[in-house]
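Report on one structure; see the data block that follows.
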Amino acid sequence: MTRTLAWARRAAGAAAGALAALALVSAAAAQEPTAEEQLASLAGALDTAWLLVTAFLVFFMQLGFAMVEAGFVRAKNVANILMKNILDCAMGGLAFFAVGWGLAYGVSGDSAGPFAGDGQFFLRGFDNWPSWIFQFAFAATAATIVSGAVAERTKFSAYLVYSAVITAFIYPVVVHWAWDSHGWLSAFRDDPIGANGYIDFAGSGVVHAVGGTAALVGAVMVGPRIGKFGPGRKVNVIPGHNITLAVLGMFVLWFGWYGFNPGSTLGLSGGLADLAAKVAVTTTLAAAAGGVAAALLTRALTGRYDLGLTVNGVLGGLVGITAGCAVVDAWAAIVIGAIGAGVVIGGVWLLDQLRVDDPVGAVSVHGFAGIWGVLAVGLFASEAGIAQAYGESDRYGLLLGGGAEQLGIQALGIAAIVAWTAVTAFVLFGALKLTIGLRVRPEEEERGLDVDEHGIEAYPDFGSSAQGLFVPVAHPGGAD
Amino acid sequence: MKRIEAIIRPGRLPFVKEALEELGYPGMTIAEVKGHGKQRGIVEQWRGRQYKVEYLPKIWLLIVVDDAHAQQVIDAIVDNAYTGEIGDGKIFVSEVTDVIRVRTRERGEAAI
Amino acid sequence: MTRTLAWARRAAGAAAGALAALALVSAAAAQEPTAEEQLASLAGALDTAWLLVTAFLVFFMQLGFAMVEAGFVRAKNVANILMKNILDCAMGGLAFFAVGWGLAYGVSGDSAGPFAGDGQFFLRGFDNWPSWIFQFAFAATAATIVSGAVAERTKFSAYLVYSAVITAFIYPVVVHWAWDSHGWLSAFRDDPIGANGYIDFAGSGVVHAVGGTAALVGAVMVGPRIGKFGPGRKVNVIPGHNITLAVLGMFVLWFGWYGFNPGSTLGLSGGLADLAAKVAVTTTLAAAAGGVAAALLTRALTGRYDLGLTVNGVLGGLVGITAGCAVVDAWAAIVIGAIGAGVVIGGVWLLDQLRVDDPVGAVSVHGFAGIWGVLAVGLFASEAGIAQAYGESDRYGLLLGGGAEQLGIQALGIAAIVAWTAVTAFVLFGALKLTIGLRVRPEEEERGLDVDEHGIEAYPDFGSSAQGLFVPVAHPGGAD
Amino acid sequence: MTRTLAWARRAAGAAAGALAALALVSAAAAQEPTAEEQLASLAGALDTAWLLVTAFLVFFMQLGFAMVEAGFVRAKNVANILMKNILDCAMGGLAFFAVGWGLAYGVSGDSAGPFAGDGQFFLRGFDNWPSWIFQFAFAATAATIVSGAVAERTKFSAYLVYSAVITAFIYPVVVHWAWDSHGWLSAFRDDPIGANGYIDFAGSGVVHAVGGTAALVGAVMVGPRIGKFGPGRKVNVIPGHNITLAVLGMFVLWFGWYGFNPGSTLGLSGGLADLAAKVAVTTTLAAAAGGVAAALLTRALTGRYDLGLTVNGVLGGLVGITAGCAVVDAWAAIVIGAIGAGVVIGGVWLLDQLRVDDPVGAVSVHGFAGIWGVLAVGLFASEAGIAQAYGESDRYGLLLGGGAEQLGIQALGIAAIVAWTAVTAFVLFGALKLTIGLRVRPEEEERGLDVDEHGIEAYPDFGSSAQGLFVPVAHPGGAD
Amino acid sequence: MKRIEAIIRPGRLPFVKEALEELGYPGMTIAEVKGHGKQRGIVEQWRGRQYKVEYLPKIWLLIVVDDAHAQQVIDAIVDNAYTGEIGDGKIFVSEVTDVIRVRTRERGEAAI
Amino acid sequence: MKRIEAIIRPGRLPFVKEALEELGYPGMTIAEVKGHGKQRGIVEQWRGRQYKVEYLPKIWLLIVVDDAHAQQVIDAIVDNAYTGEIGDGKIFVSEVTDVIRVRTRERGEAAI
């Protein structure tokens, strides 16, 4: 009986090296694996390691979203938004297991169609674990974006249904289009649209614009919070309860983005390590540029360095670079990030004008900056960048002299994605509205969702002099 | 001069304030307090176990006015704090013997 | 003089590739290493990388524990629980350095006995650094579990002693039993109990049930907080001060668990990468199922989606899958996670009935769900799963037709672990009670432990209108 | 057309292994790469992976700094300190892109001088991405240290300029001296000072002492907060607003330090994996010793276990071990960490005596403990330790019988670094004082920097009964 | 009508409340305040340096009752807030000239 | 006996307190409140959009003294709370009919 792991475990206990382990593996196999086979196996292990570690980082973004959103809502709705963040991730996991993966990448027969995968539901006949965990983390990201936009007024049960549907259906179909080698938009198709197909390296469109579009539809259909818009053109301000949490969340998201973008090389061997490193650099520069641009812009516009919009600006820079991180040069990443922040700030202003209430800026950050990111590929992708990540091509960024074709494909791709998401999200939210209802009652909204939906206050005993007023610290006799 | 002390629903504060502003009241002081009268708390839960929250959040409002304007202020508060449900709150009125404005050291009605 | 690192460092400064580095290494050795040696060395490096990265993730769980516990206690005891969390990790590090590792895996002569290791104390004659850091992180986890269960009333100095003893002695012995190749329970023993020995891949029993059992003994011996239980059967509620922190901690723990479980492959080469990825998937699904199950269960039982128990439910799912993550199928992970959440909720209720006061639910989450996790292996381990992780065997999960033997061994193993921990923890807490005392004085408890033990308030200047009332912002003249 | 990534991407969707990918890469090249070339490429990929993952961890320390500093300031200055933390990272990224890297490692012609690099500004002609991201993360760390020391009174615009200059100029020069193979202090120079050159493995001096020295200069030149020092020798206490945040930050920093120190091997192949693991262990032990020492010391000195200083003590232990983590034995790491905590506590007391106001202890933690760390190498470096990390040498730690030479070089090195930083920081802060001004107006300081500089309160709606008093929840009619 | 304003120890609030409930008091309002009288603060420390916290947390309790019940309420508070240590607190009694119940616009004793 | 209720700037509290301490005042109670009088709020912003914060943070100070010392206490507060800018605050004085010290059950002036 082979005891590979036993040995490995023991190796941890004693001082045995990996040499022994390898030897054992060899011995276990009927015949010696060739050096080439061993090399390939090792390369595979390294690729898997990369997928796993970056998947974990992407998963960690769940915390970032939860904290940004919690910080941007009022104290009376904190437990509700946190619960939504936990549950969209948890429901998302189960939904992506049951259906999502199958629609995204599943193959039942020889190959899947251009519209959706068609096999491996419930992971039957499946063992590509590294890919599943990585793709799950992305799906959870797409799902969680909406919660912020519809915060402080949406029914919990309706949100649960929504989050299952987006991870099971709406998002996976887009993934299939753009990232599966059978997808009609895919750059990995044998015969892609145009020279390169739709280029969206880590998902400005596939993930963020999907989430952002669904968020917009949701925010419109749920309607604004009571008191957000006054009569006439009056826009009231409803500050969140804890800006520190929002900043905490932003740093966690930035950190997690190092899984999101560099991890999208899906491996390190065969030259991908260099690409991953370059992606890490462009990601960093875009985030930095987004932060600086937002700070200076708000200073110019309002006379003060605005912290909330700087948080959004960093995120806008990150969303903006996500599509092009592998194919643009460092300087272009800075430009894209800075414009991304501008798009976010403009978007926040625009939504206020349109009387759409998005408490955390999810539509602007993920939707508008996501669209910008996709288009930016058509403007800024360098020839060498495309060659390194997708193969040699003479169609690249318009502003770099690569013609307009790629920009056209990008526009087509994002239009299709936004349209698909808008329609399906509209149907979904519409159906919810007609059945269980989308929105809590006004009294409930005024009191806060925490008390009615979850029976809790987020900070029942807070404060420097908190006396636990609610707490029966002791009972002076009596039978009960 | 009258010391008007009102305990009202938090959600009604903006309305009360707006009404007072129209009256041109001299100033006001507010604080977050908790209380219960006839309205006896709600049931919350912590890690699955339910308990009664005895005190509900209210806003405490202090306005000192001269005798002439007291009734107007009281009416404005009552009109705007009203919802008709238990928990609307109460107003307590008492006498103030003196008022001092720190900035000018004015005293009495002039200081209000 | 060889300057390996110098070169590597320089490589960072310039554009030299790893080729040069490798070449240098070769040159340094008297003769060329063979390709096979190079391969083995690289495989070893990859395995080390995996151990290191996952160890770091497991270490990060310290933050998760600290935040969950801080969120679940009252504001007046926050500094105390945080200090305990820092110190159990710090004391734990020193204790595990001095004694713990030696008892767990140390070998002085040819081999260690079945009960405990007997060498390498103070890491003398030791250089298996990757294993030490990984095992330290686990030890710190086991130690920190107790702090939550005895929170808000336990003397700080007594806690310090406790945390040193559990990491130096109680926990390492269990590790030796179950994970060292000489341990009597070990699945890695040459001649294990039954066909496979006791299977506890990442430690539902070895880590969590140990922590949970010690937590139970501690909570019973310290007694409930003042006011927790009223006369008759009355159970009072003492809400914590900050549910946001608890959720933050939960996400950090979930993230860290991706080190805990997948890292327990202890390497990636030789086929372990696939196993690690599968473990990541089962871990995810169990956590997700735990969260969904807890939310729906509390909704069914209390009419509201309970956030606190959902946090505990996710953790219960994670603890539950920890033993079996490598040997169960994806669907089984979902079942195990969901039941884990149920066990936690039942446990919380049961402890209240028994008038045992566990402010954060540590006993239920780590103790009860840990036991469940160990037994679940006996029920759900698949034949292929055991083959992949432990070697071919015809004894596997009872519910999958693998017979009752494995379940029996699991029951035996967990019984032994619980018994050992209960007895040693009882002696330890008993000795502390008789000497320095376990509990603070009632006045101190009412005032909060922060002020008396640490002279601090956690939030001295908090709040939107915080005026720093305590702060002598300026002094109007006078000699002092 | 080669579709490397396409295949990799597809590989994620299906079950293709790395074998295919490798084969493809081979096919793409004109001729088969030899096994040796493949090995080297794989080793390079692993090294890159290490650099990337550890760089991400180091980046994550930004969150740690932000939270420690936020926790240690008053509520009225929280948004300001958070904004500074975001912006020093963002500005730092752009500045390090434009100038910093070039001065640190850039080479325009054949080689750079001993004082500073001279090429690759704006990353022109540059593609060593893994190194850039790693070094960027370090630069951001050096930059962010100062914000805490000058917190609660420094003008935001002045701080922006400062943070650009330190990452563009002050810090990179020191890096060049100590870590570039052309630097005059460098241990990687062909002909280093003394036998080994200046040994500062991960930067107790290069990063922390630079930050700490600039922090000291800043704190002195900005002057103490209003009310910090009374007449006579009176020292007032100004407690921060949230100790939980500080602990959160500390754990994040400790976690990030596993990138900082072990990552400084800059790779894993060629034997570096073992070194990285050893570094992880010494780092852990020093942090643990720092925490325990600080807790016991404050207990001895004040009668109570002080949480704030324990947080600082852990960090002092970490800063202290940073220079020597690769070259000292485990026991020495404990000694260095414990003394590091002592140095921090003494430093905090000393600065109070000197009437220098450092709200978060940055000068003590990074400056004093950083200097201690550099000197500790001269005292505790073991012969075997130096051999493993830097090459065989008969000059090592004074206390271990290796003579005084290394201690002398360490003293020289740290003196040079402190002098350089002090002078340049003095000029920088002086220039800022004379131009835009360093300090906000006293009224602004009393009111808090948040309101005037950023127009925000950090917790506008906090608290269990927060009613959003500021929020116009609804408007009873009226045109506006 | 009497305005009874008591400053008590936070830990005694549940007992006071229970006693008042048995009396059938009409309502109460509480707030978290800080104060000092004879009890002059405690010593805390921040990053190792000790300082005196001048104000200790107290609960401020407001109950308006008709004259007939004032003494009963005062007694209930005194009995249950008592520990015998410095810091037990004080009760201040003053006259209220009018009370209005917002929900019903009742005035005077009927509104209490 | 007089009930002196002052609304002052938070930043002036230490000075007021010091001055009262020199007088040997019997005790005081404070709370964080918000308010506005002539000083009508400041402009803040949230995610780029500006809004007027209507209420500014103030400290509410309650001191009950015997009639003899009332003027002294008022003077001490006015002197030390004064900055001369709008927002310095106000002092309201009213009558207290009774005072009870919980610890000793003393009543009236003896209890202050």
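Letters A, B, C, D, E and F mark the chains in the order given here, with residues in each chain numbered from 1 onward.
The rule we apply is simple: a contact is a pair of C-beta atoms (placed from the backbone, for glycine too) under 8 Å apart; a residue touches a chain by one contact, two chains touch by 3 or more.
On a predicted model such as this, the values are computed, not experimentally measured, just so you know.
Engineer: Quick one: how many steps at least from chain D to chain E, stepping chain to touching chain?
Structural biologist: 1
Engineer: Which of these pairs, D-E, D-F or A-B, matches A-F in more than half of the residue pairs in contact?
Structural biologist: The A-F interface is reproduced by D-E.
Engineer: Using mean CA coordinates as chain centres, what's the chain E-chain F distance in Å?
Structural biologist: Distance between chain centres, rounded to whole Å: 18 Å.
Engineer: Could you give the separation in Å between the centres of chain B and chain C, each centre being the mean of its C-alpha atoms?
Structural biologist: Distance between chain centres, rounded to whole Å: 52 Å.
Engineer: Could you grab the centroid distance between chain C and chain E? Build each centroid from C-alpha atoms only and quote it in angstrom.
Structural biologist: A distance of 46 Å separates the two centres.
Engineer: Can you tell me which residues of chain B touch two or more of the remaining chains?
Structural biologist: 11, 30-32, 34, 44-46, 50-51, 54-55, 94-95
Engineer: Using the touch definition from the top, which residues of chain A touch two or more other chains?
Structural biologist: Residues 35, 39, 41-42, 44, 46, 49, 51, 53, 127, 130, 236-240, 242, 248, 302, 304, 306, 308, 446, 455-463, 466, 468-470, 472-475, 478 of chain A touch two or more partner chains.
Engineer: So in the complex, the part of chain E that touches chain C is made up of which residues?
Structural biologist: Answer in residue numbers: 11, 34, 42-46, 50-51, 53-55.
Engineer: Which residues of chain F touch chain E once you look at their complex with the stated criterion?
Structural biologist: Its residues touching chain E are 3, 17, 26-31, 64, 94-103, 105, 111-112.
Engineer: Can you tell me which positions in chain D touch chain F when the two form their complex?
Structural biologist: Chain D reaches chain F through residues 446, 451, 454-457, 460, 469-470, 472.
Engineer: Note which residues of chain A are touching chain C in the complex, please.
Structural biologist: Against chain C, the touching part of chain A is residues 1-15, 17-19, 21-25, 35, 38-39, 41-42, 44-46, 48-49, 51-53, 55-56, 59-60, 62-63, 66-67, 70, 78-79, 82-83, 85-87, 89-94, 97, 122-123, 127, 129-130, 132-133, 136, 156, 242, 245, 248, 452-464, 466, 468, 470-475, 477-480.
Engineer: Report the residues of chain D in contact with chain C in the complex, numbered from low to high.
Structural biologist: Touch list, chain D to chain C: 35-37, 39-47, 49-51, 53, 57, 74-76, 104-105, 107, 127-128, 130-131, 134-135, 179-181, 187-188, 226-227, 230-232, 234, 236-244, 247-248, 250-252, 254-255, 258-259, 262, 265-278, 280-281, 284-285, 287-292, 295, 302, 304-308, 310-311, 314, 330-331, 334, 389-393, 446, 457-463, 466.
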